[in-house]
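Each of the two complexes below includes chain A, the first together with chain B, the second together with chain C.
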Partner chain A sequence: MRDDKRLVYVCEGGDCSEKGSIELHAELDGMLKERDTACKNRLRKYPCFGGCEHGINLVLFPDRVFYSNVKAEDLPEIVNHLVGEGPEVKRLEGKVAPDVEQITWDLLDTGF
Partner chain B sequence: MAIDLEAKIPNNVDLANDPKLRRALEHWQPKYLEWWMETGPSDFKSDQIYLRTAVGVGKGGWANFGHVKMPDYRWGIFLAEPEPDRKIHFGDPLGKPAWNVVPGELRNRLRRLIVTQGDTEPASVEQQRLLGHTAPSLIDLRNLFQVNVEEGRHLWAMVYLLHKYFGADGRDEAEDLLRRRSGDPDNPRILQAFNKPIDEWLSFFCFTSFTDRDGKYQLAALAESGFDPLARSTQFMLTEEAHHMSVGENGIGRVVQRTAELMQEGTDPRKVGAIPLDVIQKYVNDWSSSSFDLFGGEDSSNAAEAFACGIKGRYREGDGIYKDPQALAQIYTTEIEEGGKLTTVEIPLRRAMNALLLDAYHSDGLRIVDRWNRVLARYGVDQKITLPNKRFNRQMGIHAGKTYDPQGNPMSRDQWESRKASWFPTDEDRAYVRSCMIKVHERGKFANWIAPPATGINEQPVDFEYVMFH
Partner chain C sequence: MALLLTPEWDQGYTALAKARAMGAEAVIAALAAADLRGRGGAGFPAARKWELARAAEGSVKHVVVNGGEHEPGSGKDRMLVAQYPHRVLEGAAICALCTGATSIVLYLIEDMHDAIEAAQRAIAEAPLEGFEVRVVLAPTTYVAGEETAALEVIEGKKAWPRKKPPYPGQAGLYGQPTTVQNVETLAWVPGIVLHGPDWFRPGAMLCTLDESFARPGIVEVPFGISLERLIADFGGGTRGGRPVKAILPALSSAFLPASALSLPLTHEALRDAGSNLGCGGFSVLEEGQCIVERALQIAEFFKAEQCGQCPPCRMETNTIAAVFQKVATGQPGDYVAQLEKITAFARGKGYCSLIEMAAAPALSAVRLFPEDFASHARTGLCPA
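Coming up: the complex of A and B.
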């Protein structure tokens, strides 16, 4: 059922997984289990967002935040934001083309 | 669950403590290897291939890379980690605990789903068995074999479920999965798209872009299943499947890039053994539209029942993105040709589950085509690749027997027939594409119809020795 949780998608497409997105997802999962005590976020994998040349990509929805070139060392800052203890990590945003971002929001929206 | 990598069959399903199941699977294993030797990649059996092998499902890496002879590949059984107290999150059993055994009344339906999914895995290996002989580079040869061995592992995943949960019937089905053959008129694979040979690489890249992508969406819908072992099996398969998608998506992207490079320098691709954009477009039309049919009918009581009873959900159902997890009161609207015009039809949402899944797939297809078009734009080429409308060239569902152009506009049968050759590969197109397929097995070299990839595999350089020939 639709709820007010934020969806946190880690891309597991070919390029992103080559760059370690599966491991990054696992690390983020561990950090959120520890820090997200209010369960505000739902962590998921996503097959591909198409921003492959800028992977690893991580997307927040419905916030419409598109992080690129995410590395393990960025996770503490990202988690701070996810648990409401820090701002968006602006330096990771705006790297993919606007149409790639738009396609992503179209893919994530459902009319049902 | 602990991972046992030393066992005869690597697994994280505690086979060591289930001797009956272990014996049954160990009995099936030599038959599987026999099938692989007979119908798997032709030749290359004693060559060392740089392959990824699944070794786990959780934190700290899930796969190893190394040079392996394909027959020695460690095909294992891996399920995603269980979610404690998982509840069914859609359909009539909403909120009930997920099943760890097969509910009796769902036995036949679940078995059919697993067998149909399982049948596609060996089928694709059989379809692609001769491709290695015309590989455009070592990295592509390696990617082909990676896809092949992982499709083999996906067969293992489905066979595990059949053996573990479906008794003698399941064991019989597992045997039949090795008996059917792609393209065999007397004993074909279940789905038609898996019975046509893939004898050149443009088709292989289209297959992994479009047909395998259908598999991804089917797996994703099954990953929502209330039958927990099926959900966990397919979740892990999706992790591997992501690479197959990228082989296709990047593969076509590289073909498009090579053609665009030539166009930019004023060279006719046909003069130098590369593939013109209009031919690529025809292949995209053919493979994408035949893959639309794999989703089944838009208005389907079977799909409604699979959703209602909690065994097959909507795409990303578990993300909590849908308003009504039971899909009871809503209506899905779509358009269909009636009397030469498009008319709106309404389908109760539960009956439209295949259409919903196809919608998600089609949006994903638009994304990858957009990516290829960005490559064209980068080289100053105005022409674009387009993805056909979902109504185009349908043999199944509400549009079967109707005729639409690639944009989805209705047209007469005569008009359609007269324009068919401009939409689909002709015999001449296919012969030309086949003529481009020249084997390149030297390190760092590529056939002239495809650009090198941007990066290598597992941080290795593009000119790495991905295949060591015996």
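Coming up: the complex of A and C.
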């Protein structure tokens, strides 16, 4: 069931997990537990976003923000945005092909 | 009456001698008249493939006997090489003769020990002067059976499919024209050459019936018999004795409902019904068995076996498996839309047809058995 929380998806597909997405997810989870006191975000794993060559991919929904090449050092900025204390991290956006981004929104729109 | 699964002929290679006397054009015409099609799954006419290879320019050409039979539930190619190695070799030699190739590679999976030994013994025995014949072993990964992945392995590289075009007939092994032909397809060739196309027509194929049948095994089945007869006469019915709920002609084909039992076993009839004869690795689901569980097993297989080269394929296979996992554990949602969107996005993308192979059983399962999936998604329990 969808609620009003923002969904934060970290890709756990082959390439992304090889690049450390599982560890990045755990690190982000810890940071959100500490910083997201208003519980605005729900962190999830996603099977594969198809933007493999640009991983690690991290997606915000329903914001429709698609971050690519995410590294641990980007997390403080990302978390600042997630808790409403900073802007989107624009330098991480616009890397994947438009059709890959579109199918991501199409799939997430189904709410499943 | 069996045509192919008869005792191994003498090793005089009389069909090869006859093919030499007939000439390449007459042999290819005989294959066309017989309507021999590829038995690896695609069903491409053998005569057309040979014509293209014959017309291709190149001073060195190759024939690859594709025994990369990686589809679970299919065992016919291994059996043929293990028990009828000379028939396969003779078919390959006729192919080489007709396409202008001098090099023949038997591409066999590394764990097919009986077939590998039989092939090596037959190569030593065969009167194939003028041809260089060798065995190259394939890894056990699914994608290694794809024809261009086979070429990569033979060249000593990773088993990844190549981007096409160029097709192997134009630029295959080492960039030279190559005819990649399935083991069974080649095994039929000597008989057609010796006895003429009428001996073969309306044709037959080897089907592998899995453990879902009362009598599993490899059978030679004439084209045109009904699926009902295939299951009852050749397979002894379903293993549990209950009525058929669904038919899967191959792991990478779409499920067919019980109402398709009257369909004739032909490429066209199964294609018109939305499925595919594939390599004939048949499986059935009987009443009381869970389609969701079966669809999830297949999805997990393709997720594990996609080679990782093409992102859309990774995305699709991962998504299908994740969607079925959710349904199986009772998480309701619009799973049909998810499957339709991801498979539509992936269609035609990627270097090989695994994308379509993963989609066919998944989409057909949810479309044919919506109540089973809905009940699973609601309760996590199987209504079957």
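Criterion: the second predicted complex is superposed on the first by the 110 of 112 C-alpha atoms of A that agree within 3 Å, B and C clash if a C-alpha of one lies under 4 Å from a C-alpha of the other, contacts with A are read in each partner's own complex, and residues count from 1 in each chain.
In this text, a residue touches a chain if its C-beta (ideal position, glycine included) is under 8 Å from a C-beta of that chain, and two chains touch if they have at least 3 such contacts.
Owing to the predicted nature of the structure, the values given are computational and were not obtained by experimental measurement.
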Partners on chain A (chain B, chain C) - clash or fit: clash
Comparison of chain B and chain C by chain A residues contacted: B
Partner chain(s) touched by A:Lys5 [first = chain B, second = chain C, both, neither]: first
Partner chain(s) touched by A:Gly13 [first = chain B, second = chain C, both, neither]: both
Contacts of A:Asp106 with chain B and chain C, given as first, second, both or neither: both
Which superposed partner A:Val89 touches (first chain B, second chain C, both, neither): neither
Which superposed partner A:Cys48 touches (first chain B, second chain C, both, neither): both
Chain B and chain C contact sites that coincide on chain A, given as residue numbers: 13-15, 47-50, 52-53, 99-100, 103, 106-107, 110, 112
Touching residues (chain side chain B, partner chain A) in the complex: 58-62, 89, 216, 220, 238-239, 242-243, 245-247, 249-250, 314, 316, 318-325, 327, 330, 332, 349, 356, 360, 363-364, 366-368, 370-371, 374, 454-455, 457-459
Touching residues (chain side chain C, partner chain A) in the complex: 308, 311-312, 314-315, 318-319, 321-323, 326, 331, 333-335, 337-338, 341-342, 345
Touch list for chain A against partner chain C, complex: 13-15, 47-53, 99-100, 103, 106-107, 110-112
Contact footprint of chain B on chain A as seen in their complex: 1-3, 5, 7, 12-15, 17-18, 22-23, 26-27, 29-30, 42, 44-45, 47-50, 52-53, 97, 99-100, 103, 106-108, 110, 112
